[in-house]
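Letters are used for the chains, namely A, B, C and D, taken in the order the chains are written, and counting of residues starts over at 1 for each.
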Amino acid sequence: MKFERYGLGIAKGLSVTIRHLLRRPVTTQYPEQRLNPSRRTRGNELIWDKDKCTGCGTCAKACHIGAIHISTSTDLVNNKYEVKSYEVDTGYCIFCGLCVEACPFEALFMSYDYERAQYRRGDLVQGKEEMKETPERKVSGYFYPGRAAKLPKQSLLVDNDRGKR
Amino acid sequence: MTLALSGKDIAKQIEKKFPGGVVESAAESLLVEAESLLEIAAYLKNTPGLDFDYLTAVSGVDYLDCFEVVYQLTSLEHNHSLVLKTRCYQRDNPTLPSVVGLWRAADFQEREICDLFGISFTGHPNLKRIFLWEGFEGHPLRKDFL
Amino acid sequence: MAMTWLPPDWPGNFWAHWAIFAVIILVFVLLMVLMFIWFERRALAIMQARLGPNRAGPFGLFQPAADALKIMLKEDIVPAKGDKLVHWLAPVVAFVPVLLIFAVVPFRGGAILADLNIGILYILAISSVTTVGIFMAGWGSNNKYSTLGAMRQVASVVSYEMPVVLSVVGVILLAGSLSMQQIVAAQDIPFILLQPLGFLLFFIGALAEINRTPFDLTEADSELVAGFNIEYSGMKFGLLFLAEYGEALAISAIVTTLFLGGWRGPILPDWLWFLVKVGLVFFVIVWIRTTIPRVRIDQLMALAWKFLFPLALLNLLITAAEILVWPAVSLWVFVPVNIAIAIVLIVLWSKFFKLGWGKVEV
Amino acid sequence: MATTAKTKEIVVNTEPFVVNFGPLHPSTHGVFRMKITLDGEVIVDMEPVFGYLHRGIEKLGEERTYTQVIPLTDRLDYLASMSNNLAYCLAVEKLAGIAVPERAEYLRVIMAELQRIASHLIAVGSFLTDCGAFLTPVVYMIRERERILDLFDMVCGQRLTYNYMRVGGVSQDIPQEFMPALAKFLREMPGWIDEYERLLKENEILLARSKGVGILPRDLAIDIAASGPVLRGSGVKWDIRKADPYSIYDRFEFDIPTGTAGDCYDRYRVRVEEMRQSLRILRQAIKDLPRGEVRSEVPHLIRPPAGEAYGHIEAPKGDLGFYLVSDGSIAPYRFHVRAPTLINLTALADMIRGWKIADTIIIFGSIDICMGEVDR
């Protein structure tokens, strides 16, 4: 290597790294500090609104992997479809959000929460009861901006926000 | 703006040079006989007015009654492009002449078509399976594969 | 400045003295090496805008200890067709010389295990035994990458031994003796000022010998995956890892003793001066490791033979000439002269010298 | 035992040393294998082996409706899925003749250019780390990429597989806090790029390692139909955004950086300059972003008329094209992807021959491939 510039390039590079000693590191200590995900985040779960759902099955058709299994039965009392079983296999689901967009009755949402890992593969299949919207299982504002207002503001690295302790 | 040359007026030029070479020329593509593919391709590449020196893409399609290989050609100087097609009708051991001699870009793409469609290209330097392993029998992208 | 509160041969009998102080130095060196591993990982991390280990203990201080414990519990795989004996012996041959070097390093006023009068010669001799160990590691693992790595290590050490030894001779000329104590005693002016070119050559040569960036071709992780220590796991890998950091510590200690005036310093107690200077030199090594890309093997060799070696000879010539015309007034007059000579030589040499057969145009 | 044979000519036959830069190697950017025959350190011959990440995306595409194929295109070049979505949607719109509203066009350009910067950051970062600087460049550049991923997360909810663009526009409009965050990013980014330049641009060791190494001559680059920074590094001024402007790229003025010698250093320089040009485009796109609809009226199950179409865009890694054949049903009859990285690798054997092992990693790194797109 020609040292024509007598190591100036190397010196400049060294000056950049030494300057980083004075800057705050960028890492967030995950379990203690948490970053707020985006208000439209597609968390790893689906939330299903039982009363709005009419059992039309558009979401099952929209899913290109067939992760949604829905079976309806005829409810003779007030003469409309009644959803007998509604299961989403989050093991197959890739959280692309096509089903949420396809649902004509605003009954299906992505969840805002991303810590739904399970120990057994069987627990990944979400049954009817575990899909209701509860205070701790919030709905994400994906495709429905109206619901995004209640969620906390996203913490952006551009604003040097490294999450609260 | 890349000017997509229409198959018709190119066909007229080619008809004079290689009688019977052009099978059918639609508005945006030019279907040629498999046998005369190499001469036409060489003609397209070397004539000063056309200068198709850049083979953008080679794609294979299985139309059940025939295999079709589509060459998207572009000329960097004149900034115009052409779609050249050939067909081969036998299904058990389809073969087509390889254009690797003219454009080296076709090397991996022809190996891919041979791997996924089973069309063997004569004159290709090392025609081996590119994605699937040697022992795999059958060609997945054929419509009758499953 | 003898050790005041302990007579030199304290327990009377020589062997007892030797045994006690050998254990003390051994423990001290291993602790320093663990500290250095932690120091490098933290300094590297902060310079890369991240935190570095901070989970095991306060500020991650127990991280090296945790690593050492983990490595001891790991299974010790020996490659099937590898040369079993050579594979087993290699870490020992690589690690022991590193410990031997510390017998001669003056930690404090009188605190030196063996005050050999050929101190620096002993260090240069011992430090090249590690290369044999590393080559045995590369050869014994019957793995293509490790053989390549070992070959590279031998090539780089052979070609960098010359500039290192010649620059040390420059220091010896000035100090007048080979013993480390005398070298430190002779340094009223730190030799880095008197021998700037010598310091530069020694530092670059030493970096190549302990294969640290920019010369870490032996275990270049982007090319040879991990060079000679691919097939090592468990305690053997631990030994090789300790050998590498032990060598870095040894080189920092030698550079402090030869060029930065060892433990001599104005206010602070002398052992603290030694630690500060060693830490400083090690920080520069880590700093270089963060920023500078790796050199290719032929550039490494060409740099040694075409750039460092001639400059080392010239440096020796100039130092010898200065010794002859020893100034009456004081050595300080040499400092600007030597620095000017160093700069002129580097500029001149880099003008005519084209690495990469002249193809490389910058 | 004196050797009686007078001039017994000693034949030293050294057979070449075949090394596998195997699927599992720290610097093969994914599962790519090179069977390299070595003579000492010098490369004699190299044979690439593909297929370790072949998921048959083109076969999967044939069983899905036109909208369901979009999540598949995310997984082609997983470092630039916005550009994959854009290329696919353009091809379908060309096939079905669908018009895209103004605001959606501007949003698409903004997302594509942000994705170009993010992809180049990874490419340049890993190239410099392959040169040996211990992870520092790639850690700095990933920190900048993090800012872009935050913006994408804000818009479409995911950080890698966006599934943001739809046939006929984009799936959702941007939230209010997107614009201020993007403006802040555009103000800071040139400063960060200058810092990378100061870090390694004139570093003597990097120059010695990458200047004049792995030269791809101009006519060989055209012959193997290389595209993107690899082609422009060899001095060919060919960029689809200028040569065949798709969507609204003809409204922005930016220039195309090209190298001269076609070596690794030029390709690295072209990528860094392209990042600056993308910032220029983004500034213009922000200035005149119109209001209005983001998606034209397109049925969820589109049935384009029977026929074929080839749409291609300037993706970060090269000329990414989609060849779609439709038979009038809701699923594409044939869905072929023109992978720029697979074609850029055609000349890898010629570029590597004669150089040393350390150079193969640099040359391979400067081509910047992504195995998701190579193996499909």
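The definition used in the following text is that contacts are C-beta pairs under 8 Å (C-beta built on N, C-alpha and C of every residue); 3 or more make two chains touch, one makes a residue touch a chain.
It should be emphasised that the depicted structure is a prediction, and the values quoted were computed from it without experimental measurement.
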Those chains which touch subunit D and also touch subunit B: none
Identity of the chain that, by mean CA position, is farthest from subunit A: C
Rounded Å distance, subunit C centre to subunit D centre (Cα mean): 42
Between subunit C and subunit B, distance of the C-alpha-averaged centres to the nearest whole Å: 62
Length of the line joining the C-alpha centres of subunit A and subunit D, rounded to whole Å: 27
Distance from subunit C to subunit A - Cα centre to Cα centre, in angstrom: 51
Multi-partner residues of subunit C (each touching 2 or more other chains): 47-50, 290-292, 295, 299, 355-356, 360, 362
Sequence positions of subunit A contacting 2 or more other chains: 1-3, 5, 10, 13, 16-17, 26
Pairwise chain contacts under the document criterion: A-C, A-D, B-D, C-D
Of all residues in subunit C, those that touch subunit D in their complex: 44, 47-50, 144-145, 148, 213-214, 216-217, 220-225, 289-299, 355-356, 359-362
Touching residues on subunit C, where the partner in the complex is subunit A: 45-51, 287-288, 290-292, 295, 299, 303, 307, 346-347, 349-351, 353-356, 360, 362
Subunit B - residues contacting subunit D, complex: 1-2, 53-57, 59-62, 70, 72, 76, 79, 81, 83, 103-105, 107-109, 112, 116, 129-133, 140-141
Interface residues, subunit A side, partner subunit D - complex: 1-3, 5, 7-10, 12-13, 15-17, 26, 37-42, 62, 64, 94-98, 101-102, 110, 140, 142-143, 145, 148, 153-154, 156-159
Residue ranges of subunit D touching subunit B (in the complex, touch as defined): 50-51, 54, 56, 58-59, 220, 222-225, 236, 238, 243-245, 308, 310, 312, 319, 321, 323, 325, 333-334, 336, 338, 342-343, 345-347, 375-376
